[in-house]
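The first chain written gets the first letter, and so on, giving A, B, C and D; residue counts start at 1 in each chain.
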């Protein structure tokens, strides 16, 4: 569990300065760096530094996504999209994307969502239950980080299902054990461990996934402030991930 | 997942009359009855009808108890004791029993608890953290069913650990995702499926477990009301399980 | 483990007459029949009676196929093709198909194989090692049933890999433990349990797999003998699966 | 999989000189050394350097030993005894020890074997089948390394069971796929990875296991040649493990 390594864990950009620099010192580098295979699409691999393993490990692996399953992803931001892309490694039958932004929902369809729900416009709970014959979903992935979206997951999870929390939360949520105590559900939290990086590199190499799709904007290193502005207004700018080029 | 079988599930004593009768009709009997091996201790096997598989499946299996682990069981009532007995199948290093009743805690020691904490008398959180060098426990089993005990589990769970809910809850609890979102924890709920009954029968046959220890009182069938009174005052009567004899 | 159920198991066409009849009695029907969802492609579902779950359970699940893995399937007959189709549920990076029939290898490419090797024409061991930088494959699926093909799997399996036997064998094979004892490999055998039928129905419903592709020939019920002749000369007739229509 | 690390793996005493020296250089020490907890029984911990993790990882974990299971261990030498001790972490119902040396079998009883079979004196296959009502064992652990003992495991394994190879083999064995292809069995090999060392340290600390029991002889460093003679005649000398003391 690298994420909770007593001397390591989440260091770059957290306990020490991060990588927005020309040179960077990487602590414990022999356990955390991977060689880039010859001929790789480096832009695709940039997405593997954080967002792909986060969506995959915290959402898809913790959510136990399996062939034929029905899953819901709540939040169509970058990490929700990373979950959407990597969910497809396991061939779920249905992927329902839930967000309040029609534009992001539209993008999610082109990334493989089979159904979309704009929860600002229609009742997400009822819609999910309708799509699943009243059973709910096998996996619900929370990729927002507020009480309302987590509690939505509690309402739509099927008996025996998994709620995989990916969002960063600032306050507590109500866990309705009075309804869930006998429902055989699993709830997980996780800080990404990046243990799946080698696997993800192979899937990129073999074109099973094209994470460069997540890049919506590109800036030069000296346009950094503009890049932050764009990402700060991500919804309005229709931004998912922003690439900083050093040339 | 028998517990959520669309036509089956928890039927006896719930959807139809239960077994406190001389004759009983068992629906779906070919999937739910097991032959009693010759020479069995039938009193031990009575404990396998509900309480042992509940403690084992909902607590120990869901809690992923492993050799060398440190676990805490919150609630030293009958189902907590069943969890205590079956936890030992997996040789955890430490089993911390937490309750407010000294008498039950004393019994738990004779059942294999390595530490006991009376949470009415001392701070359970601090005591658990002290016993675990500040790390918390690998598995916390909630066997009471009220918000305070579930939230205690949230406070004492180690990074990477499992909270296995066994208690029947009447209201929601606060899930502190603001603290737990990055702690790689798993929370589970479950209505017992009784899929482990064949395994449990074998462990009783081979004396790996002696569930008859849970029987503290015995009554005849015509003393049923007295039996209910005793169980209704379980703490005061120092009652764990009560056996009704038909002779 | 339905396949080894003491009173059930492989009954139809084995212990009692099979389904090549207008009416058939199905023992233990409540555990072995599934409703056909409205609007299904029934020809696709015919493939789920035996060949798809066999390739999937005995080959892909036992072989622990994972995203990014490299797998080899030895034998491009119907069950090898079923393994090829269902392997793709888990997004392996490379699927190497090995057979002695160019025509079947060609078909396997259209079904998703990324590499093919005609083992009658080139050294399969060297070719696999060349494709895998000398490491061998993560999963080798034996779908023929003779010593030479099983021993080929032993030669091409990577450290930590799985050999999943699907073939029906008539004699013993040499297990080279003098080479394999320290290679951390797993070898599995299995008679299909059909526990994955509900999952497979969902993947057919959602078009994640199109097993009707395996049907190469169609006959009426009164052309049964001709159908058997064709299947008896499957390689020459380029036959994979033959559908008998009752109309 | 440390055992197959491209730059690491089994180095000491294999690729470079081992530890029979006053000073030793440990390559990749930050991934392979563990601090000894204060107050530990160091003699017990010596057993954790190789034999305990070998018996546990290659035998018990690979063999998927579970509560209530019936297991057989073929070979009552040191590594078979290590498997016997660590098997009990999972509370199997029956542990059948098979060897040709009555003295070792007698020791195995004091270590927890529930049945012993001297295969030089009675038919081991028939005896195991008799003890298991004709079903065979859930796990068979091969801890000798010759064809006869591996093939014995093939004869006594139950449908759905695991054969975990621990022995170091010098030649191939006959794998009877003509009998086993439809028996849903798993066969594993493994070079110890020592990933379970932290777990094993905890079980020693908490007295769940007393591996110092395996030490039958003690010598000083300057009696090394005598120690080798004793271990070279282990059966005759009734030797399991020999401790070299540096004082």
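Here are some notes:
Here, a contact is a pair of C-beta atoms (placed from the backbone, for glycine too) under 8 Å apart; a residue touches a chain by one contact, two chains touch by 3 or more.
Remember, predicted model here, so these are calculated numbers, not experimental data.
With contact taken as defined at the outset, chain A and chain D are each touched by B, C. Residue numbering shows that chain B and chain D use the same positions for more than half of their mutual interface.
Remark: chain B and chain C have CA centroids separated by 43 Å (rounded to whole angstrom). We define each chain's centre as the mean of its Cα atoms; on that basis chain A and chain B are separated by 36 Å.
Chain contacts: chain D has no residue touching two or more partner chains.
The touch graph of the protein chains shown is a ring with every node of degree two. Contacts between chains, counted with the stated touch criterion, involve the pairs A-B, A-C, B-D, C-D.
Contact residues of chain D toward chain C in the complex are 1, 3-4, 145, 150, 159-160, 165, 167-178, 180-191, 193. Residue ranges on chain A touching chain C, taken from their complex, read 66-69, 88-91, 93-94, 114, 198-203, 205-206, 208-209.
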